Structures are given as C-alpha cells and as structure tokens.
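Per-chain residue numbering starts at 1, and chain names A, B, C and D are given in the order in which the chains are listed.
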Amino acid sequence: MKEKLCTLREAVARFVPDGASVALGVQLESMIPFAAGHEIIRQGMRSLTLVGPISDILFDQMIGAGCVQRVIAAWVGNVMMGSAYNFRRAVEDGVPHALDVVDHTNFTLALALHAAALGVPFLPTYTAGGSSVAARSPDIAELQAPFTGEKMRAVRAISPDVTIVQAQRADPSGNAHVWGNLGVLPDAVHAAKRVIVVAEEIVAPKVIASDPNRTVIPGFLVSAVAEVPFGAHPSPVQGYYNRDNEYYGEYHRTTRTRPEFEAWLEDWIIGVKDRKGYLGRLGQARVDSLKVRKHAWSVRADFGS
Amino acid sequence: MKEKLCTLREAVARFVPDGASVALGVQLESMIPFAAGHEIIRQGMRSLTLVGPISDILFDQMIGAGCVQRVIAAWVGNVMMGSAYNFRRAVEDGVPHALDVVDHTNFTLALALHAAALGVPFLPTYTAGGSSVAARSPDIAELQAPFTGEKMRAVRAISPDVTIVQAQRADPSGNAHVWGNLGVLPDAVHAAKRVIVVAEEIVAPKVIASDPNRTVIPGFLVSAVAEVPFGAHPSPVQGYYNRDNEYYGEYHRTTRTRPEFEAWLEDWIIGVKDRKGYLGRLGQARVDSLKVRKHAWSVRADFGS
Amino acid sequence: MRYTPAELMVAAAAREIRDGEVVFVGMRLPLIAFVVAKNTHAPSAVGVFENGVLRDTPARELLFTMSDGPNITGALSCLSMLECMALLQRGRVSLGFLGAAEVDRHGNLNSTEVRDAAGKTTRLPGSGGACDIAALAKRFVALLDHQKFRLPEKVHCVTSPGFGPWRSGRLAQGGPAAVITTKAVLRFSPAGEAYLHSHHPGTSIAEVLANTGWPLQVSPEARETPPPTRQELRAIRAYDRQGFWTR
Amino acid sequence: MRYTPAELMVAAAAREIRDGEVVFVGMRLPLIAFVVAKNTHAPSAVGVFENGVLRDTPARELLFTMSDGPNITGALSCLSMLECMALLQRGRVSLGFLGAAEVDRHGNLNSTEVRDAAGKTTRLPGSGGACDIAALAKRFVALLDHQKFRLPEKVHCVTSPGFGPWRSGRLAQGGPAAVITTKAVLRFSPAGEAYLHSHHPGTSIAEVLANTGWPLQVSPEARETPPPTRQELRAIRAYDRQGFWTR
C-alpha cells in the first residue's frame, strides 16, 4: 500500500477543492476535525457543501468564514450553548452570503450515508412521518414497501466528495483505529469518494494490525493521513483529552456580532499558521489541563491462532 | 440488569421451542455454536427453521437428526470437504424427512437480517440480477427505485425467533465481547426476537465494560448466557483454539450413508451428556493440540477521560 | 427542601421512566432525569444516546454533551448512530425525551424555525434526532419553558411529529406521553389533544391557561405536581454539583 | 520444473490479479492465487473475504476456510459480511474468483443443483457469496474441472449470472473475464460468448472442443497457456506445503 502520510495542509490542498461536498463531525460532539476545518478556512476554499449530523461549532465557523454554500445536516449550533450565530446570520440575513440548508434528521442523514456506503440509491424508513422535514426535503420521498404494501419514506443516498475524520491512531498507510462513540463514522468513510484521516498519532503498522476489529478505517479507502495532535480541540478525543467546555462558552460569548466573529476568526484561525500555532495561542497550561485525568485501558483480546 | 446466566441445557429448553426459527453459524466457518446445536438435537426439538449464511456441518447434523423442517441459507455443506450428506439425503430423498430449502445468497441473507435489524420490511439491492436464486425466491421481489427509477431487487426482512452466538467472553448479564471475523453477527443479534450467548468464559462485568466497542452484543438484547468452553469445536474461536480440520474430514468420511450417520450421531451427540462429555470423548490430548499456539494480543486502547 | 423549577422538571421527567425500559436520553435536563431514575425507582433502565453510546450506569460526572469522555468510559456498548436509531425503528425504545422551541395542541414540536409577530424568521438548530425519537419511540416526553408563544395552537413547522393522521401503521404505537413545562405537566387524550394533568407548586391552573396559546382542556382530576422528593433532589445535586443545568 | 494441473490453474488465476486491486478471494485455489500474486506481480493487492476479513498480507499458513485463525491474526480489518458485500455493491471490488459445478456458453455458473441424464437431481451446497460476486464485481474468474457435463450450453440453474440481458444499468460493468479449467482458459467476446483463449500444455484445442458442451469458438490467436514460472511454483509450494489443494 502506498504511503499517504502528509501534512494537513497538503491533504486539504489536494483533496478539498472548491465546490466539494465535505463530511465533517461524523462522530457528533467528539473527535470533530477542527484542525482540518481551520486549514480549509485558511486555504480559503469556497462553495463547499458541508455534510454531517450534528456539527457543533465547526460548521458555524466555516459558514462565518465564507467557505460554505450549502449545509446538509440535522442540527447546526453550539451543543452546549444553543444557537450558532454565523449559521443564523447566513440563513436569516445572508451574511457573509446566502446559505442553502437541506434539513435532515439524524436518522435520515445516517441512512443517506448508509445508502451510499451500501452502494444503493436509497434506503427505506419509517422515520419522519408527519414531519415538515420529510415534506420539505428533496432527499426524502414517499415509497410503497414491497411485500407489505405499507407507505414508508425513502431517503436518497449521499456520497460526500471527501470525508474528514479524526482518529486516535493510524499507520502511514491510513489504516486507523477509532474508539469510543462512532456516530456515523463507518458509513461516512465508506460512502465517501475520498477520505482524509487526521490522527492524534501515527503508529507502527503492527500496532494497528494487532487489533483488526478496531480498524474501522481500512487504509485502501484513505487518500491522505496527517498527524495532528490535539487536532480535535475543543472537542474531546477519548483516551487523549477531554472537551474544553469553557472554549464553547467563550465562542458563544464572543461571536454574537459579525465584527466580533471576524476578530475571533483572525485570532484563532487566520492569524495562526497551523494547529501548532493554535495550540501555542491556547497555552500549554490549558492544553495540559484537558489531558486525560484517569486512564481506563481496555482489557486485551487475543488474536492469536 | 437481571442475571441471565444458566446452563446451555436450560437456555435451549427455555428459548428454542419446537417450530422456532433459529439463526446459527452467523460468523460463517468460525465460532459456530456446535455445543448449542448438539443440545438442541439431544432435547429432540422438531420442525425448526434454520437460518444462516454458511453453516458448515452443523446444519447437516441437525437436519440428519430430524430437527429441521426448513433451511434458509446461502450454502449448506462441509466447507473444507464439499457436500454434506444429510442435507443431500433430505433434499434428494426426503430422509429422514422432507426439507424445505429457501435459497439465498450470502448478501441477500445478510440484507434480510439487516432489514430486520433496522426494523424495516425490506432492503433494496442490485445483487442477484439474472440469477435463478432471485427468480425462485419468495423473499426477493422486483422493485423500482425511487429517485433513479432503476429496476432493482428488494429482499424481505428475516427476524429469527432466536439467534444463538458463540462469544469469546461475556458477563453474567449477557454483555459479550466478540472479536475476529464478525460475519452477520451484529445484524443477526439485532434482528432476533431472543438471543442466546454461549461464551468461552464468563468474566467480571468490568472486563466487558473496559472496552465498549468490543461489546457487539449488549446484554439487554440477551435472554440467556451460558459458559461452555470449547463450545464451538470443531470450528475455531480466535484467541482460544484453532479449527479441528481433521474432524471435518472424519465427519465427511463417516457420514456417507444413513446408518453411518446414525452411528456418528450416537457416538458424538446422543451418547454424550453435554459438552463436557463430548470433550471427554475427543480426548484431552486432542483438545490441547488445538489450543492457540502463538498469542497475538491487541494493543490496548485508552477509554479514560 | 427548597428546589428550583428545573429540579422539579427533572424529577417529573425521571418519574416517566419505568424500570427496565430502554430510554433515548438526550442531554440537559433529561440526562439528569435518567440519572435520577437510575438512582431511585428504575435501576435497570438502559440509556441510549444517538452518538452510538449505550449505558446502564450513569456517567461518573456531569456531561455537557453525550460524546463527553465520561459518557464513554465504562459504557455498556459503543455502537454507531445507525445501530442506535435502528433500536428506535424496530420498536425497542420505550421512551425518548425531547426539548423544543414550540409545542402545540397535538404535541407537535418545532425546533427548526420560528417567526415572530412581525414575520421575522429565527433559524433554530434543527431536528438532530428529535424527529426520529418523536416518530419512532413508543412514547416521548417533551420539556419546555412555559411561555405563551412557545405553546401555539399550531407550530410553525413540525420538526417532530406529535399526534396526527400519520399515527397509523408502524407509527400508531408512538406519540407524546407528556409535556413537562416550567409551569405544568400536560398529557394527551385518546384523541391526541393535550390537557392539563398537573400544575406545579406556586402556579395555578388559571396561570397555565393564560400562558397557553389555545383553550387548553383541564382534566377533572388535575392536581398539583408532586414536588421533588429528598431522594430525587439528592440525586440531582450529586450529579449536577454546580447546578449548570438545574439552577 | 514439473507441476500439477492445479498448480497451473493457480498460476493462471494469479495472473488475473492486477497490482493494487481489491479482490474477493474465495477459498481453495483462488486463495493460493492471491498469495502467489501478492508474492510476485501484485504486492499491493487487497484481499476481501465475505466473512468480514480484509487482508493486505497473506496469512502465515495454509487456510482451509476463510475464518481459520491465521486469516484473522494480523488482518487489515475485521468487518462484517455486510460491509464486505457493500464494497462489492458500490463497485470497489475489481475482481472475484468463483468455483462452480457447471459453467455455460455465456459464463453463467451453477452451484445449486444438477440433473443427470436420468433426471435424478443432485443438490449442491448453493450460492454462498458466488451470485453476489458474479453480479457485482467489476469482473470475475471461474475455475472448474474441464468435463463435458460441467460445460453445458446452458446451465440447469443460474446460481451466478454471467452475460445476459441483465447486464445493464448497475450490472453493465460486470461479468466473467475468464474461465480457467483443468484444460484451458476461456475468455468472452464483446457479445458475451465464451471462446478458447489458450489450451494448457499437454492438451490440444481438439481435446478442449471435444470436452465442451457447445461448439466453442476458438480465437485465431489461441495459444498454449504459459506454464507456471519457477517463482510462481515456489510461492505455491511455500504456502500449500502439503499440497492439500494443489496436488
């Protein structure tokens, strides 16, 4: 397998073109690839379609930075604090520009990715019956079920151009171990045309091969893998660091107006070179305070024969 | 959670009634719950429907023992040796009695279980186009896809009355760790009305809780859990013992005729009381020779926070 | 013992959980309700989180999101969202909790967008899993701040379906069981219309009616909501020590 | 170097694998072909096994089934069957190998049941994943024992589809690329009819034709199948040390 190890800058430049559809935040509130999103903002990509069930504040930042033309999601906001102001400004006032929102539910978005992962154009479901989400969505149609004749709904497959995931550890070929809550990660990886893995650490292939059930991302589906420690901050990475709750509160308090957001953007994204710069701004003491306080190691499994 | 720990005899007596549909061999050639199948034979259950993709010789034994009225499967035979004679005798000559065979492919069977696991009456697929399997099956229908208008096939959901799985380790509540090739296990567990877990070992709940991604069987779906070491022999259990290839060869050579099979049945199933008796017949030396020769431990993962 | 309105709501929500049930938990107050139920009358309840986590023990510390580290440590199982939603779709989830910006006469919820009197639209975060839980759980309970504009006769947008003509076939088994507000607990008639079941201590039936956007039916058996017990308050405060969600 | 018919078939099968391809491996001879290809011209090929296993290195010892312990130890990934079949369905699998009891003029395979001249039916094990691989892989290769009754003009039962009217839409991209028998290699015309591509050393075109159940077309470029190379034989024998599958 070819080596795909590169910097995050290279990965984004090569595999996230203007106009691409990009799945991010596929594990919901944890392991959100903030470093990757920030790199996309720094490189000034435009007209992206963002795909993800619950994006927490990363989608809000990318919308505010002007990268986004469309959002396909079930929930866009700040999970701990409520509203996300850039999302609201874009939808309500067209600032910084108009935003097309395709509303999904968590389940219909999961099914849309699952359909693409399975290689079928749709999947049937009972959810969203009676909901305006179903009535308004171009991705949800009525369906009469074979065998039973029931009225159901069909959810259209979504195949993102690129899925970006944060993994705990990966080898240089992109084979990656991910643990904790998986969200829609398995389907988002299989549904995508390309996959970028952002890993907390690059490890030897034998570490990954020691536990093939943990390898939820097989390297042959991966286009690029970058090592970015603390790449998901302020979201948590199980076994590495905790959620920086205070950061979400600060973001909420300091991005209420467009000028405030612009200052925030300059401070935290445009004005830093990369994730190292970002972490420097955050400060070592804060970084250290987020690290895992109490280790909880998995009991080993024997893959011997 | 209530304790569900019991003997395999109790589990089978309580949850595998005559006429039940039973999924077995859901991990294909490994971790086949032979001990459970043998207990079903000893208790003389009748008119069962067996469900499983590739059953190796367990289905053949249960058919030969007269427990089975119908088989819903993709492949019935002896994987290493070819034909399974009881299956052939039942289909070709109605011995010991007639057998209804519903042919599936591996994928359509996986989809049928997946549909039931998802709680929908069918799933769409492109497979089996042009095949007699699709043309003959009551479980496969034509379908016009929403959105694209393509002609596809729909596979009907299958929800077994009980799924019996062999797990490496489980706690007394039935929370079970399974690793290695999973086959259709996750869907077979979720699709079933009841689940029986046969574990190589019962371990403390904290062992299971140390690795929630390994807990592919959550205990609240489990009706009974029994500790049966070497319960999958002659099939392998990763990390515990290897496949007894010679046993499959012997079975092939000694069950060619009905009287030969009847003698085999008496020797290995009817004439032994339980799995302990079976292993006694097998002999300690042979048991020991199958044990894992070279351990290969998974590198630990940190679930700390 | 004194208590806050949020603590009363948590206690009322906890009592909706029956022992042994599989419950779609959600965050904020319902999460704490799950913890209270586990520590009081429902020790065998299993919690499902749509990020893929199942728990049969409460997390060791307060969660701000369902994906926080402590919710994973010691979890019963970590699956995918699809597998958790599949539990819902195949009818294995007894109860789900939902928040909303608006709840209407038939228990429909809106968390997508609202319009003010001047016609100005405010965009809300959206469904998340709310629509799925409302559609597919055997029953659901909504929590909201009791203000007249949040209880319109008809929501602007049905993010999450309550009672309506769609409650047939597979969806016949679901629907709202209760709406727990800052002032009252509403339940639903067999015809699917909300009625006042209890008003909280310190409010009156008249105050509830005055703050509801349609002529709310009142049960002849309407009574005062029982206040949180000492045991419930202890469980709430042991978990939300700083009162982040419950002060 | 001397070699067995099975060794020739393995070498011929190995040459069908291109470097970097994702291959549905199967057991017996194709498994060994995958090992040979990995050790010779296709070091980056990835093997998919329908039990859920992906491998990019050969197992450390001979396998009798795809679920044998050594196939799991050091695997690239252990998924579910559904996930492996999904790779097939979404067009990520370049090549699959299949065995069969019968292969016909248009590359249809039968592994479900056969009838003899007297009309007596013999029940075979069935499709397993064969139908799925034949339908959905970008191309497939069948292996079989070259006997006239195994190569009928039309199979008794189409377990696994070759070329036919169903090769449109999503299935247009698939179909048989080759049939490797104990006597010959057949390939397929653009119209989907088999023709003789090469006959093995020690047989003749006439012998192949005499043992085929329809008037088999012969390519004007038909030649002798190249024998296994020294390197290929070394790889075969290092893996199947006892010659369980290849003697």
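Criterion: a contact is a pair of C-beta atoms (placed from the backbone, for glycine too) under 8 Å apart; a residue touches a chain by one contact, two chains touch by 3 or more.
All values derive from a computational prediction rather than experimental measurement.
Peer 1: Need the graph distance between subunit A and subunit B over the touch network, please.
Peer 2: Graph distance in the chain contact network comes out at 1.
Peer 1: Select the chain at the greatest separation from subunit A, using centres from the mean of Cα atoms.
Peer 2: Ranked by distance of C-alpha centres from subunit A, the top chain is D.
Peer 1: Please tell me the distance, in whole Å, between the geometric centres of subunit B and subunit C computed from their C-alpha atoms.
Peer 2: 40
Peer 1: Which whole number of Å gives the spacing of the CA centres of subunit B and subunit D?
Peer 2: Here subunit B and subunit D have centroids separated by 27 Å.
Peer 1: Can you list every residue of subunit C that touches 2 or more other chains, as numbers and ranges?
Peer 2: Those would be 53, 68-69, 72-74, 78-79, 82, 88-89.
Peer 1: Could you check subunit B for residues that touch two or more other chains and list them?
Peer 2: 119-120, 125-126, 150, 179-180, 182, 186, 213, 236, 238, 242, 292, 294, 296, 303-305
Peer 1: Who touches whom among the chains?
Peer 2: Every touching chain pair, ordered by label, is A-B, A-C, A-D, B-C, B-D.
Peer 1: Would you tell me which residues of subunit C are touching subunit A in their complex?
Peer 2: Residues 27, 49-53, 64-69, 71-74, 78-82, 85, 88-89, 108, 112, 120-132, 134-136, 157-161, 164-167, 169-171.
Peer 1: For the complex, which residues does subunit A have touching subunit D?
Peer 2: That would be residues 1-2, 116-120, 175, 186, 190, 209, 212-213, 215-216, 218-220, 303-305 of subunit A.
Peer 1: Across the complex, what residues on subunit B touch subunit A?
Peer 2: Checking each residue of subunit B against subunit A gives 119-126, 141-143, 145-148, 150, 152, 154, 156, 168, 177, 179-180, 182, 207, 210-211, 213-214, 236, 238-240, 242, 292-305.
Peer 1: Per the contact definition, I'd like the list of subunit D residues that touch subunit A in the complex.
Peer 2: 22, 44, 46, 53-54, 56, 68-70, 72-79, 82-83, 86-91
Peer 1: Considering the complex alone, what residue numbers of subunit B touch subunit D?
Peer 2: Spelled out, the residues of subunit B in touch with subunit D are 27-31, 53-54, 56, 73-77, 79-80, 82-84, 87-88, 91-92, 101, 103-108, 110-111, 114, 125-133, 150-151, 179-187, 235-236, 238, 242-243, 245, 248, 292, 294, 296.
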